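Below, each structure is written out as structure tokens.
Each of the next two complexes has subunit A plus one other chain: subunit B in the first, subunit C in the second.
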Partner chain A sequence: MSTIILLLITGLGLGALYFLVASGLSLIYGLMGVLNFAHGSFLTLGAFAGWELARRLGGESWGTLIASMLLGMVVGALVAAATEFLLIRRLYNRHIEQVLVTVGLALATVALFEGIWGTDPIYVSAPAWLAQTTEILGARVPNDRFLLIGAAVLVLIGIVAFLRFTRFGLVIRAGVENRSMVTALGIDVRKAFTVVFAIGGAAAGLGGVLASHYFGYVSPQLGGSLLIFAFIVTVIGGLGSLAGAAIASVIVAILQQFANYFLGGTGDLMVVLLLAVVLLVRPTGILGKKA
Partner chain B sequence: MTESILTVANLNANIEGQQVVEAVSFDMLPVGVTALLGRNGVGKTSTLRAIMGLIERTGEVSIAGERVDREPTHRIVQRGVGYVPEDREVFASLTVAENLRLAERDSTPNRALIEELFPDLIDRAGQQAGTLSGGQQQMVSLARALVNDNKLLLVDEPTKGLAPLIVMDVARALERAAQSVPVLLVEQNLQVVRMLAQKAIVLEGGRVVYDGSAEELLGDEALTKELLGVA
Partner chain C sequence: MKSLKNLSQRTWWIVGGAIVVVAALLPLLNISIPGVLPGATYTPGTLQLLALSLLFASLALSYHLLFGTAGMLSFGHALYFALGAYGLGIVLQQTELTLIPALGLTLAVIIVAAYLLGALSLRVTGISFAMVTLAFAQAGNVLVRRNPSLTGGEEGLRLNTEHIPDFFIGVINTRNLYWLALALLVVVFVVVAWFEHSRAGHAVAATRENELRVRVLGLRPFGVKLMAFVIASVLASLVGMVHLLLQSGTTPRATSADFTLTILVIVVLGGVGSRWGAIVGGIVYTLLDQRLTALAGSDAIDGLPAILRIPLSEPLFILGTLFILVVLFLPGGIAGAVQRLSSGTSATPLERKRLEEAE
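Entry: the complex of A and B
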């Protein structure tokens, strides 16, 4: 029983991490039809920014951790908004070029990060509580999972509230459904594009800082390794669906944890099989719109 | 001489490389309803979409004497152009109230007019637009355009697929709207055109082949049959 509890909660923690990356990917695709392969770079840069702050202030304090999370969000948001404004905006409806530019940006930024911070993982320090465990029904659960779950829930609530109660949120929800009709109502939908990129970048930047504590290190490849699973989550959840991304994040991460434990480390394989099944049975994903 | 509210000169438009509007030119009076007519597939909807900048186009489009053909769609709308698209295009996942709020361009929307014309929508403010009937969705689409003060309304087949009773409701709403704003109306239902339009422009093969009085066109059975294929 304790193993099941442990796998469930650690799965939720990993799912939270996937959601922080996938939420932005899903919103960006839903509104703009852009598959953003550079999204992992926002995460990596957020992680490095958080680490740079933490090493200057002393990484063991909660204040530093919170400050590094906020900095990761700000850096992620700014870089994502700049990416949209300088590169993507010129390429709407040119999907091949978008893929080439975002893949190129992802490769170039990894090289840039390696040039600045080196290729080796850099180990991060954190408040002592995060390295400890809490016993739940006999399972000793690493405390950092609770931080991840809490952060993802707050991000989900924040994004849902933003979409539901703000004018920009209304524009984004309408734009996901019918972009050209939004412009035909006199709304400059490009501003919403930048805002969505910034929101996605902020979530990824926060995810970067939290991922560095989950894995214990930050490296130039951090974003790329998570991006693959975030894309899988986005497709399984349904491109453009935030709720779908949240549900799929949990399903994928828990499946991965259970398969790794009970089926001899086959977690990644099971996730890919799940993706194949979803694409065959329900190509639009769990909550995706029909084409 | 009365200045045109809309001037279209040598307008050409393409959809995925295929020419759908060819050298269309016309002027529209700043009052009443002008019907844009023609057989199926002659480019009426494409002409409206080209005026709005929703499809690739060349040529001149002026609203109240100012060129807008180099402007993006949202700027054209902000100049005071209301657009009611073919097939309504309401935002299905948004409520009726959210559809209307999204369309409001300034701080003093014409909510009183909407309440007068479409009282049913006020009762259904919290309902998702996608769950409304076709007629109700058309009301939402019209209300989105009428909630603002416009210089010009472009209305594309507002009665398409609607029950006869609803067709008359829509026609009456347009008649009321046309008292304060000129309307360019694409419409297949000639009864509605007879009821509303003072002027008619007929397209054939993407070009204008008639530009004159709606009454004279529809009063001439042979000409109507020749140009529109119906009497």
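Entry: the complex of A and C
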């Protein structure tokens, strides 16, 4: 029983990470039809920014942790907005080329990070509480899982509230439904593009700082390895659906944890299998629009 | 100036044939191109690099069939390259078969695998297709890393030379491998050109332009798309097999998503939709990658201040940046630029249209 609880909560923690990456991917795809391969780099950069700050302030205090999370969000948001503004916008409505530009950006930035910070993982320090465990129904759960889950829930609530209660959110929701109609009504959707990229980048940057605490290290490859699972989550949840991304993150991560534990480390393969099954049965994903 | 387009089909084949003859003679000649090649053309090191660039050209051609002709954006093409390399390597290691039967056995398995995976992936189109192929390739990557007893794991698989003819073994025989790579490129080129000019090729190109219309005409896009997928995959696996022989082994990098992205970069760099572009892209990319790596380790770079040294010492950073610039400012890649220069116009409607409609 305690094993199952532990696997469930660890799965939720990993799912929270996936969600932080996939939420941005899904929003961006939903509004702009762009599959953002550079999203992993936003995450990695956020993680490195957080680590650099923690290194200077001393990583053991809570203040530093919160400051590094905020810095990760800001850096992710700025870089993402700049990417949209400088690269994506120039290729308006040419989706394949937009994807290609993000591919190039991903390759170039990972190489740049390797040049700056080296290829080896760098271990991070965190407040002592995060390294301890809490006992829940007999399972000893590492505390960083709770931080991840809490952050992801806050991000989910934040994005939903933003989409529901602000004017930008209204434009974005309408744009996801029917972009040409929104443009025809005289609203400049392009501002919404930048905002969506910034939100996605902020979530990814926060995800980067949290991922560095979940895995215990930062490396230039951090973003890329999470990105592939975030893609799978996005497709399973339905491209463009935030709720779908949230549900799929949890399903994928928990399946991965259970398969890794009970089926001899086959978690990654089971996730791919799940993707194949979902696409065969329901090609649009769990909550996706009709293609 | 006469437009390249006005040259007849036959002239092109003659020019191509002449280039192949010159390429075939290279190992017998003593030509040095400082800054491009590491040494004279008869030296094994240079031949190794040239053979590698020919292999990348073949691989790019096979991807051109998938992406340029059929309009299928696959993120899992590396899987079939890796299946060829690892498949042949494992068969040679685990069985007593000699090269040719081993090759045939691997090929048979790969055709079945490509057929099954292709049929499954082609249930979806567009971005979802890209994601499914990426996921399958990722599964391949996991399988290779998790089974070190069979694949050598992270260390990579070393070629078992016991059953390989002597003329493919050793540094001195690099030129035989070079000729093999050249022959493969010719074969791949002919197969791709033949497919593009066949009825199935026309049908698949029409599907790329407008799938609904092809359906309305009473054709079934699925069959021809699957055919293009299987042919491209088999060609990629052949390249993988020769790559295994050339490099005397293979590494898990061949299965990675990065490797597929590299192929995509090559095809876009050369020019989407152009066979010649894919070949030139493959050769330019390999030479550039090798030269940039040499540059990164040179003293000239070491002496620069950090802000210049760090980006310049990362070949992938330069290639990635170059790629972004090509996509932004040079639609149609190298082939498109050559065509524009030769026809003397700055308009690029053809390439732009092709890229847009490849979606």
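Here, the second predicted complex is superposed on the first by the 291 of 291 C-alpha atoms of A that agree within 3 Å, B and C clash if a C-alpha of one lies under 4 Å from a C-alpha of the other, contacts with A are read in each partner's own complex, and residues count from 1 in each chain.
Methods note: contacts are C-beta pairs under 8 Å (C-beta built on N, C-alpha and C of every residue); 3 or more make two chains touch, one makes a residue touch a chain.
It should be emphasised that the depicted structure is a prediction, and the values quoted were computed from it without experimental measurement.
Asker: According to the stated criteria, A:Val110 is in contact with first (subunit B), second (subunit C), both, or neither; which is it?
Answerer: Second partner only, subunit C.
Asker: Classify the contacts of A:Val281 with the two partner chains as first (subunit B alone), second (subunit C alone), both, or neither.
Answerer: In the superposition, A:Val281 touches no partner, neither subunit B nor subunit C.
Asker: By the touch definition at the top of the document, which applies to A:Asp268: first (subunit B), second (subunit C), both, or neither?
Answerer: second
Asker: Between subunit B and subunit C, which one contacts more residues of subunit A in the superposed model?
Answerer: C
Asker: Quick check on the superposed pair: does A:Met1 touch subunit B, subunit C, both, or neither? Answer first, second, both or neither.
Answerer: neither
Asker: Once bound in the complex, which stretches of subunit B touch subunit A?
Answerer: Of all residues in subunit B, those touching subunit A are 52, 54, 72-74, 77-78, 83, 85, 89, 91-94, 98, 101-103, 105, 144, 148.
Asker: List the residues on subunit C that touch subunit A in their complex, please.
Answerer: It is residues 73, 120, 123-128, 130-132, 134-136, 138-139, 142-143, 146, 257-258, 261, 264-265, 268, 310-311, 313-317, 319-321, 323-324, 327-328, 331, 355-356, 358-359 of subunit C that touch subunit A.
Asker: List the residues on subunit A that touch subunit B in their complex, please.
Answerer: Within the complex, subunit A touches subunit B at residues 170-171, 173-174, 177-178, 180-189.
Asker: Under the definition above, what is the set of subunit A residues touching subunit C in their complex?
Answerer: 29, 35, 37, 87, 90-91, 94-97, 99-101, 103-112, 114-116, 224, 228, 231-232, 234-235, 239, 265, 268-269, 272, 275-276, 279-280, 283, 291
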